[in-house]
Structures are given as structure tokens and as C-alpha cells.
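Order of writing sets the chain letters: A, B and C. Residues in each chain are counted from 1.
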Amino acid sequence: MEIRTTTITLATRGFNDIRDLTPHLTQRVREGSVLVFVGGATAGVTTIEFESGVVSDLKQAIERLAPHDIPYAHDARWGDGNGFAHVRAALVHADLEIPVAEGRLLLGTWQQVVLCDFDNRPRERQVICQLRGTFARPEDA
Amino acid sequence: MEIRTTTITLATRGFNDIRDLTPHLTQRVREGSVLVFVGGATAGVTTIEFESGVVSDLKQAIERLAPHDIPYAHDARWGDGNGFAHVRAALVHADLEIPVAEGRLLLGTWQQVVLCDFDNRPRERQVICQLRGTFARPEDA
Amino acid sequence: MEIRTTTITLATRGFNDIRDLTPHLTQRVREGSVLVFVGGATAGVTTIEFESGVVSDLKQAIERLAPHDIPYAHDARWGDGNGFAHVRAALVHADLEIPVAEGRLLLGTWQQVVLCDFDNRPRERQVICQLRGTFARPEDA
């Protein structure tokens, strides 16, 4: 068992910017898992079929969950204007773990890992990608 | 530390079919955790008290979250008719991890692990159950 | 790789009592992760910026998600009066995993780990905190 912690850096636009992380998840683990975690209180991680229809549908559902145009106590107190982003992030969760076996992420055929940036401005996001398990070759550990 | 990746196969009916996975989670880990993950973009995993009242209440909440009878861009584009299922799955999450100690899943007394199949048709679901930790007997590793 | 399973005990008030767990998460792991899990079907764990504005905003979003004043089948069947709490817990999730590297939880600057107690009465909550990875000093393992 080895652990390797890496960081994916992504420039995002905010306002429900949903981005496919799957190509960034290195797959050198033979058996184990990958933990994906976004540090920050205005973004989340989940899985979807990453096609423009579902992306659009998920954005609308998130807007229903925490509308951008209702009052937020966070904004009243701090003037950040991103109260909706905080609520959305809490409900979507910052963490996701995907099992790996035989060197393959055990995602479904049409299932991708996505970062959802809910903030109200562009951000440079650091997404943690922690590989845990046995590695294919010693030099990958 | 050992890792063992197994698959639970379940025939589901879709349309918010909520199924108790707890009896399927083998408990041979002594200390560690069990990662439950559903491969596929139209199902999710969480915990509930698995009794018919809560099952019915959760179905209704999920219907409010992503109603079946509103337009979905996924359906307009692909004609699948399961746009609601994609959104529900993204919000419920595909992964759940349960700690184990002294050979016991550390669930509450009234807390079960459930698969929620949101798709609009029966499916044969593959749920990944990855055991990680120390095992009770060497032959269980 | 070592695993250490500990329990945080917290007296909570219920009714969306949101409590900062971050100070309780011991940080003796050098590289690995911390799994936070609440045993019980009426509480959840997530991350937020723990300030009174966001806490209030999240409570309101959770109230929209599963209002306290609509009928629940769980209550009709069992008379517990906490049907809303069961639904909220299922949607927020009982588990959260935070990566650790160089002895530090990889949370964002303004991101805390919180317990959300949704029940309709005060509780003494047991929150599992499982440390996994390499430890800073042998005696911490």
C-alpha cells in the first residue's frame, strides 16, 4: 500500500462551471482508490455523464437548490455576493472517492468525475487527487 | 493493510428503486473501511433508516429535487427520457465509505446503506464494494 | 500505512444544529486521509465556511429541501415527528473524507468540516474519525 498526493490546477470561470476531471486522474494505481477533494468552500465534486445536456440540467437543478437571486445572510454580513455558492458547495460535497481495480478506475461507461465551481468569479482551483493502493510498477509508487 | 475489491450484482426496477445493500457488505475487515461505489450515471448510494416510510419520503424529496415532468436538455438532445435520473444521481453521489472497527461496520443502529436507482427502466446494477484494512484471518485477506 | 479509529462525542441540540468538527480532527497523520462518519440516520457531515451567515443560509436551504411542516410517511407510521431529519440526512450524506499531506488536512483556508444534526431533539452524537496513512512519529501510529 502506497499513498501519493498530487494536485490538479484548473482555471475556472465560476457560476456553475462544470469541468471534466477524469482525464486528469492518473491511473497508475493497480488496486485501491483515488480520492478527489476540492479545497475551498465554494466548489464541489461529483460524477455525471459529461455531455452538454446533463451539464445544463444539473446547473438548473443547482439553481433551484440555492437560487442566486434570493437574500443570503453570508452576503449581508460580508458583502461577498457568493452566498449561493457556499450553500451549493455544502450540498454537493467537496469529496469523491473512486475505486480502482486491475489498473482501471471503476467508473461506468458514461460516468465522468466533475468539478463544479459555484463561485461568482473566475478562480484558479487546486483539486487534490490522492492515489492509494498498490502501484503497477515500483517506480510509480 | 490489504485491499479486496468485490462486486454486488442487483436487478433493479429504476424510478427511485431504493434497495438495502447492508446485508451484501461482507464484514471480514477487522479495522479499516468499506467503499461502496455505483458505476453508472443514473444511480447513487447513501444511508437511511430502511423502512417503508423513510423510503417513500426520500423518493418524494428526490422528486422535488429533480422532477420527472419538467423538460431536460439531456432528453431533448438524446431522447433517453432519463434526464431526471442523471441530475438525481449527481446530487446523491455515487460513493459512500463506511468505517469498520473490531470487525463491525460503524453504522448507527437504524442506519442502512442503500442503492438508489434513478433510471427510467430496470437495470442490472454492478455495485463495487471495496474492503480496505486489516482482515480477521489471513485467509480473508 | 496504519489505521486509527477514534470517536468524537458531541452534545447537539438537533433542528439543523451545525457544529464545527475541525478542531476535533487530530492531525497526527503525515500522509493519508481522515474519514469522518456519523453513525445514525438523522445527521450528516459536509464542509462549509463556518461563519454564522453561511450556517444560517445552509439551514434555510435544507429547510427548502425537506420542509419540517409537510407530511412524512415515516411520521405517519412511527409517530417520531422527525421524518424531515431522515430525508435531510440521506441527502447530505453521513461520510466525508479529507486528504492529509505533510501533516496537514488539505482543507481550503475558509473551509471547515461540520456535523449537521437534523433530529428533532438534543442528542449525544458519536462521530467516527478514522485516520489512515503514515504517522508523524511511531508512537502516534
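As a convention for this text, a contact is a pair of C-beta atoms (placed from the backbone, for glycine too) under 8 Å apart; a residue touches a chain by one contact, two chains touch by 3 or more.
Predicted model, so just to flag it, every value in this text is computed and none were measured.
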Given over half shared residue numbers means same and under half means different, the chain A/chain B interface is different
Superposing the Cα trace of chain B on that of its twin chain C calls for a rotation in degrees, to the nearest 5, of 120
Per the C-alpha centroid definition, the whole-Å distance linking chain A and chain B comes out as 19
Where chain A touches two or more other chains at once, the residues are 1, 65, 91, 93, 97
Residue set of chain C touching chain A in the complex reads 1, 31-33, 46-49, 51-54, 56-58, 61, 64-65, 91-93, 96-99, 101, 106-108, 110-111, 133-134
Chain C partner, complex, touching residues on chain A are 1, 3, 5, 35, 37-41, 65-66, 72-78, 83, 86-87, 89-91, 93-95, 97, 128, 130, 132
